[in-house]
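The same subunit A turns up in both complexes below, where it pairs with subunit B and then with subunit C.
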Partner chain A sequence: MAIIAEAIKWLLKHPVTIKYPFEREAPPKGFRGRPVWDMHRCIGCGLCSRICPSGAIEIIGRGQEAKIKHYVDRCLFCGQCSESCPRNAIKLMNDFEHARYNRDVMIYEYKRET
Partner chain B sequence: MSYGSIVKVPFGPQHPALKEPEHFLFEIDGEIIVNVKPRIGYNHRGIEKAFERRTYIQNIYLAERICGICSDAHTTCYTQAIEDLLGLDAPPRARYIRVIVAELERIHSHSLWLGIAVHEIGFDTFFMYLWRDREAVMDILELISGNRVHYAMNTIGGVRRDITPEIIPKIIRSLDFLEKRTKYYMKALRSERTVLKRTVDVGVLKPKDAVELCAVGPTLRASGVKNDVRGDDPYAAYDEIPFNIVTDDGCDVFSRMLVRCGEILESINMIRYALDHMPSGMLRVRMPMAVKPGEAVSRVEAPRGELIHYVKSNGSTRPERYKVRSPTLANIPALCRMFIGQHVADIPIILAGIDPCFACMDRLVFIDVKTNKRKSLDFESFSEMVRKQRNFRLA
Partner chain C sequence: MKTSKDLIAYNDLKRRIIDPGFCNLCGACESACPIHALKIENRRLNYTHNCADFMDFCSICYDICPFTEALLFETLGFVANAPNRAEGIGYYRRMLLAQAVDKKLRDLSHSGGVVTALLMHAIKTGFIDSAITSEREKETSIEIRPLLSLVPDDLLSTVDYEYFPSSVAMAFGKAVHEYGKTKIAFVGTPCHVRAIRKLEAWEHKIMNSLRIVIGLTCLWSFSLPELTRFLKERYGIEAGDILRIDMDGKYKVSLKNGKVAAISIPEIKAHTLSICRMCEDFTSELADISVGGAHPLKDWSTVIIRTEIGEEIFEEAVKADVIRTRKIEEEPNVYAHFVRMSFLKRKYATEEVERRKKHGEPVPPISIRLREFLPREINLLSSLKAEHIMTKNVITVTPETTLEGLLAIMTRYHHTGYPIVDDEGKLLGIVTFDDISKVLPSKRGGVLVREVAHSKIVTAHPDSSLMEIYEKMIQHKIGKIIIVDRKDHRKLLGIITKTDIMHVLKWPMKKLV
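And now, the complex of A and B:
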């Protein structure tokens, strides 16, 4: 019977659940979200592509002309790419809503603008 | 009273006790279980094989994904094994951070299990409150590591992130809240008739049987045996942090609940001590590129019990063999003993009582049916076999 007092106490309070699509809570500082490449810093070494545990990063070409393809549907959001980058070109964003109906739109491409 | 005829009742792979599939064949006499045969392997995922295809750094994240609940225990065990091979030692601050994250994970795993256990006995009100309060520890873990489930805190040679002074007051506040709630739940469990009727003297495992059948973790400690890797073979910073090994003499499902509640309180004290006494210094040492040939075994006390990882290196960038012995596998023989003499209606709670994680545990062997011989395959010959037999089916 011990739990009844607890149940009555909480009956008069607001629900704890956040009504998600209508109410949102910002992720905490340091959240590991989607990695984003700063192509002005990128030297096209391909280390991120080689270290990625799930093969979510593809690099086409080398050096300044390199094009990065990030397959967000394969990404684990571990942040190893950002940690390994020798030029600190990869930042982890705060967004987490990546679900789409089509895998083709889940590819992010990065290229250096001239 | 015996009914004279034994009926065989298949339980699973899809069964009402848990979300994870596993097969058990119960032989029952009336309402009483007389024998049980487990058949593991339904949920095999081939993770050990996948270890051989990835580099040592990539394997950290694969080890993490062996289990969603004890993800930190698996990475700690993995990184310790590799550090052993390399002859590295994690810096003191990293070892303290490992303890803090491991203990936070223990709190979250045990409160999750308590919720499941009361859900199995049909007490969903209690389950809702437990899981609501579990959010507090999930929030701290997200604050520390940047993710709720896969923390990715450990790396070979240390940890990846620091626990900054700004977040320490938040952690302490949540710990105070959790301590208050856990004490309340412990009191509620002891006085709640619904819980007592369904768990006291259910799934009894005698201390002698528990030791003989090599039970591990809270299942073993609830049978009154004082055994804990953290105390017996300290790793990380456990040798510097004082703590008690919680045991109970009840030997039943109820004492497993009390042991886990007691461990939550003990973990809260350990985190408080670790936060106060955390040394300053660097977080990680650099890992050399090549790993020397050799073998290493590492042990960690995961929330579910003793976890063992074995690695064999041949000097290349990838391990030659990797082996994981998860705590659930060690508890299966003890689980089968617990079932004998119990009622069919108590199957779900006894099964849930060991806190099983079947996906971590499942292994399979290839047996040639004609010659009755075991064989092992490497990745290439396995994928060739699959390619040859397009209509390949598991028998």
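And now, the complex of A and C:
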């Protein structure tokens, strides 16, 4: 009996969930989203690629010519890459919707533009 | 195709700095290495694992070592927007004398106690959250310990390997990584300061936590074991009996029993670290504030404020009555001594570099870079003419000025050479700081400029290229060239100094993002 009373009470209140994807809440501070590379800061040392626990970072070339490929489908959003970069070239963004139907479009490429 | 071995800076660091014995264990590379491959232990820089196993490419340790050529001109960007520059002093806003109001601090430091007072106040107001100064190593033996009080209030650098290592590493390795500090004040010798600025110019992420850099003046550092051995063998002085070392022309070693032993510079110089003998920065030219002794005054320090943030922290402390100041103009002898030391250091360094080159001995990359321009720089200097950069409002003196008067002018304007002109403004000669220092302070009131000046002057014309002028400076071993009219060689038009030329070459200001 009490349960029904409780249910009716809640029915009349606002829902606790929001109607995602029509409504979105801002991610909290310190949220670890998708890592993004600033290639003007990157020296192409390859440390991020080696340190990534899930092999989500590929580095092609060395130094200034280096190209970074980030496979977001493998990424754990652990932030290790950003932590380890000696030059703060990697920032974690706030976005979290990365799922796609095709894995090929889940690769982000970064290159230094001159 | 380069192999990954070539792409690792450590190989160059080892070949050009460590193997020739130029590393003075400042610790900058230890704190900067992203994989912690470098570690100072037992007075050695140890390479703990092969970085090629972790990195594809890395330029860090070589770039930021204070004795390599990398990033030198970039680091000038941190101070170069100061309104004044002078040879031997660097870029600066103002130069003055200061002391801690608290007598306890002055007594502890044997001089003005300014650095400590500044830091204590800045921590109190929250301007900084920590300060990195040098620490002693714990295992220091009793015999060596008293030598720490050799840290001079006056012109001598006695701090050795025992106290040198890891000062920078401690600063950033520990303060940032272990204690999470974010507003750090750094105190160090000119080479430490250069390492910190290089890290900053490299935009290393640990530098986000740096708030202010306070530089000390430094003539040389000694190799402590060598110095103590020498003092014992030659003078029978035990390390434990030494109270302090001062320097005024000679090194004066004061002993606990009240005796003083005087040792000449050339004799003691042999026991300095080899890198120090080629070091040219006396005043920490890249610091926000530089602090040095104020010989012959006992209780004061000479302070050079170079940057806005330096000005801010200093003014705060003055306003809070933590530090009191005096004009340096009131003490021409302090200024004269200070500048003399700076010139002396440069002169010895140049001689040593030349000697080494002649004998085919290794020279640190920084010393080579400071003497040889890159092709791009030569192009720039060849394309610019004297009239583009010369100072036109030249301060001059008359032949009848006394040396005392001249020194007062120098202490006020901080230039070290002045053209001599007659009543009609015609150029007669030049008088420089060197000419003053040849005359004893007590006699300077009675000696006139014309008695000591050179009448043979090296001049150039408004359309001479800067490269031409620079080559003249090197050839004649001088720091300034007077620019005269092509038709009338006694018509003074301007003056150009070596610092003016370096200023042209400095890179645009680069700051952390």
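Just so it is clear, the second predicted complex is superposed on the first by the 108 of 114 C-alpha atoms of A that agree within 3 Å, B and C clash if a C-alpha of one lies under 4 Å from a C-alpha of the other, contacts with A are read in each partner's own complex, and residues count from 1 in each chain.
Here is the rule we use: contacts are C-beta pairs under 8 Å (C-beta built on N, C-alpha and C of every residue); 3 or more make two chains touch, one makes a residue touch a chain.
Treat the numbers as computed from the prediction; the structure is a model and nothing was measured.
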| item | value |
| --- | --- |
| Which superposed partner A:I59 touches (first subunit B, second subunit C, both, neither) | second |
| Subunit B versus subunit C as contact partner of A:R100, first or second or both or neither | neither |
| Contacts of A:R24 with subunit B and subunit C, given as first, second, both or neither | neither |
| Partner chain(s) touched by A:P86 [first = subunit B, second = subunit C, both, neither] | second |
| Of subunit C and subunit B, partner touching more subunit A residues | B |
| Residues of subunit C defined as touching subunit A within the complex | 2, 7, 32, 34-35, 54-60, 202-205, 208, 513 |
| Sites on subunit A touched by subunit B in the complex | 1-3, 6-7, 10, 16, 27-32, 51-54, 76-80, 83, 92 |
| For the subunit A and subunit C complex, residues of the former touching the latter | 41, 43-47, 50, 59, 62-63, 66, 84-88 |
| Contact footprint of subunit A on subunit B as seen in their complex | 54-55, 57-62, 125-126, 129, 132, 135, 139, 142-143, 145-147, 150, 152, 160-161, 184, 187-188, 191-193 |
